[in-house]
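Labels run A, B, C, D and E following the written order; every chain starts at residue 1.
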């Protein structure tokens, strides 16, 4: 190792990736990068940040690849011309977790119905039903809002600020889970973080079925037309790498040894299930 | 760069429209950090005096330890307090986690070392004849302390400024023990300026972050003007 | 509470097994924060001297401003530096974002106000006759500065301790401009102890966080012992 | 040569120096004496460029030192200053003394040698390795002297440099000062409240009072012919009495003091209010009976009002209409067998009465 | 009553006080004189509980003050101290002086009154609102005096309290000290290097030298009968010469000094090495011819070696085999028409020769 704080000039290509925290925290990428670096003789630099921040890195051209799970904002990002060549590489499901006692009685409900019930019981006087929201405009938060909308509520009017039953944590998934645990409250979590935290929590999965809980992860290149000196070749390699057969297998088995169940499903063959064009899961970028 | 200007505009807007959310957050920041600063001052001054004027074995090591604690990361302070007050921790029954009280405790712990250390520094700079004169005029312990503080008031208030600065600008402990909660009632919320800034930043809302930063500095300026006024009295 | 003990055990394990990842992170922390502290010291001392000994209009306001900047949240510093060095920022072409250099810059900016302010405090505590004596012995500007620093070395080195403490313990700026990157080469990585602690904490790995915190404090202790040695020379 | 021209210094509302004018010659030893708070330190600080005058100019060898900002370093380096309350740098005695030499880039061996010589000269040989902060008051004062002298300045400014010293050390330092002046031709400006020190050392003495020099002259002039009543009091003329001239003829006059007639040499004319200054050493006390005639002198009968010790002497105050003090050795007092209440006569010559105009201020 | 019993004080390796024993009576004024670095300040600090002795005990009214930790506040409150380098609290002059009164819970109006009186007494009326840090050296010293006096302590410790003052102010302060002692019965311990001040003020003087009191006695004793050669030198006996007793008979002896025979009253016997101390005031100078016989006195012929000013006097040194200095008024010097080289005779009585054992150290 060298003690020079300035980056050493390496002949290796550098690939910069911005990713959302929840994906990063699963350590999936940690498993994959050495393989990639080996194969492509490149160095991968991964920055994890909140979805909004990650997208901003992409917009500024500070990274070469963006990996997020917020379909609506991805579409906007692509439409604005910042990103190209989106490929979906994995998916899983969000879960609604809550205390074992389940004071609102939502166990096994559909997500929309569960949310409606939580809100109603939460708003009755003297109830100890609390819902903790990420409240940080993350992919998970976007999903939560989508569920409220699907359940027929106007998020900012009917949910936010409707009472102390609804609390915005304004932090990452892990902290939100910890807070929900502390307050014996409900929350919406991605499965990866929940499994990682499960050992320290008294919270149990109450709702885990429903199409709306689908959580789709994608990778995309930053548009080299916007930033010509961006590292588009390696970026392309990475995106292709993520949807390659070997990696898809790797993804499908990731986490089994630790949690007894996979954290992700490979997207490769399930494009219909997750509702994206086949090209987005199968076709390498030319 | 454009975001910085946007930040100023946004700050002006938030301030002049007296945006209720922002006002509440700012008020919470002031209350929590000022309380922590006052508590830490009340602890640091006698502590610093005892260490500076005292002669006991291990005095030098103690000073070293205190200086070392300047490097205590806010997250670690947050974690330790968290472990103490979480439901399963020894003080869990007090239900302090995610309350403003917990934030006050965390910030007090955080700034205590630096305030104590700087108090020692301030006192060690005092002419020993001043100390002897006070003794020889028949000061009790308390009178001594009060008068030596008056003599060192410039440096002591600079210490308070440092403490307050560190308290109001820290975010790691605040978020861990406070939780950055935005609830509908003032008392249940724990969102302060720094945690709000972190949140806005993680959401990529740079102008909003900068606006909140400007509001935070405006508060700090006010507090410092007050401190300076006392300093030069 | 059990996690704290686990933290100590883990810290011992990491240190005694010389865990290469942790060693690299610790080394990076030391290098970055020491560099920032040295840079800030080199700037703060002449700056503090000019402000303390100078007589110019607006001097008091300047001191107030500096004290106010003690409250600058690290996230805001990180953001501002980010805006400057991001690809679309004015210094974007230097490609500094996500490099240790950027972290050094951010930490330098972060601790400059407090180091300047405390330098002013340290110098203002010097007996004016000492200053006059140096002048009257025919000191050049530089000789004056060097000798006045020698006189104030206790307080100045306390200032350095504060600066280093703040630099090595901050996380907001480090994460924003550094990115907490764990790359395969040492020079491309920007993960330091605080960002690693944050990451571990966010993943719920409390013993690991505490272990890293202990390592950080051990480093700080070493640096402070060095400072104390110079102080008492 | 140092010239002060209409130098003024105000602090806030307080005018400390009010248009002071003086000239100090090359290689001169000039003593500034004056009461506490007169502005002695202020004056020296202005010369040493440590403070700026509120008005007027200070020239050294013709250069307006406060105007020449660019040359201020070389001007400062011409001078050495010993402060009234010397400050110790927080290091060893040797390092304290070496500072000025280091500033001038002297070599290590030269420094060693000079510092040791200087320590020796001020009587602190062997103190080199002591931490300066632990020195006694007088020891530190001598270190400050050594510190200023070791750089061999052209002009040495000393602000009450021996106040904390015992008489033996004072003598040593005074000899040193005289030697420096003689051997190196150093111009020396010394402020002191010890008039005798001024006298022992100085070629000329300036009496600083009420914002300006009330008198500048040789030590003897200042002591025997004080310019006014305040100076007389200040230089230790015990007997300063007010009176009115009742008769005058060619250079001598008779002054009425509280009804007692005193003859004096003076050119004041009848009716003028004057002050008579008579040094106590010039007054002889004799038993009331045995007063021998002094040709044309003053013989005033009276009774002893008090006898108080004054060093190896006794101060005898005689009430002869007004109070007159004389200084006698203990032996004489014993021989004369006088005690309080004894009738005696006090006699003094016409020449020993110095007459100045009575000024009220 | 203050009793020092075998009090020692070491700093690191340096022994400053070495088994000092003394007793200071109630209502006494006791002056500690001694050379710079003798340990005067150290001694006062030990009494004022500011430092602990390395050995021995200090008792006040029978109480071992360093042993009684519990009563240390009330013991400290019995005393007031004026430091050698007084420190100003960073506030107004009034507040500086009021501190001790505030500590004792005095009421605001009492404080106002006392502070104003004190300011007046030290000659600083009207300075109340000034910031103490801007005072001149002498002004600050007087503030420190006022600060210690205003609390009316039973014991007042003053460490060279008038060094920065001019003679007029000194006189004022000395009168004040005497008045306090007389009116309030305050026990006063004053350290000074000005022996004359010791004499003017003190009932007894202790000469601190080489780690202990070389002599304790009334001012007159110390001045006329110094206990040894060092004390003699220190109290300003100009003529201290060594010799050997060559003849002795009932209380008087003849001493050989460099071949010159001097007669003196003493009980030393033949062959003993002695020091002769002769105060310059006791030596009469006469023209070589006109020396009149002194019954049984010493008349030594010689030539004038030097004449130097000494206040209103001249110091005339005569070489008569060994050097003898006398002090004459300027007038006498003029009258005698002596100058360097003039042949003169120096005469002094047998009684004015004080003989002490010659000690080498």
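The working rule: a contact is a pair of C-beta atoms (placed from the backbone, for glycine too) under 8 Å apart; a residue touches a chain by one contact, two chains touch by 3 or more.
Bear in mind the structure is a predicted one, so any value in this text is a computation, not a measurement.
Common neighbours of chain A and chain C under the contact rule above are B.
Counting every residue number used by either copy at the chain B-chain C contact, over half are found in both chains. More contacting C-beta pairs link the chains of A-B than the other of the two pairs A-B and B-E.
Note: centroid distance chain B to chain D, computed from Cα atoms, is 58 Å. Taking the mean of the C-alpha atoms as each chain's centre, chain A and chain E sit 90 Å apart. Our note on geometry: chain B versus chain C, Cα centroid distance of 18 Å, whole angstroms. Residues of chain B in contact with at least two other chains: 127, 176, 198, 201, 206.
Along chain A, residues 175 each make contact with two or more other chains. For chain E, the set of residues that touch two or more other chains comprises 85.
Here the chains touching each other pair up as A-B, A-C, B-C, B-E, C-D, D-E. Those residues of chain E whose C-beta lies close enough to touch chain D in the complex are 11, 33-37, 41, 84-85, 134, 136-139, 141-142, 160, 163-169, 193-196, 199-200, 219-220, 223, 233-234, 236, 279, 281-282, 308-313, 329-331, 352. The part of chain B that touches chain E in the complex is made up of residues 127, 129-130, 132-140, 143, 147, 150-151.
Chain A contributes residues 49-56, 135-138, 161-164, 166-171, 175, 179, 182-183 to its touches with chain B in the complex.
Those residues of chain D whose C-beta lies close enough to touch chain C in the complex are 45, 48-50, 73, 76-77, 79-81, 83, 85-87, 89-91, 99-100, 102-104, 147-148, 151.
Note for the complex: chain C touches chain A at residues 24, 27-28, 31-32, 35, 86-88, 97-101, 103-104, 179-188, 201-204.
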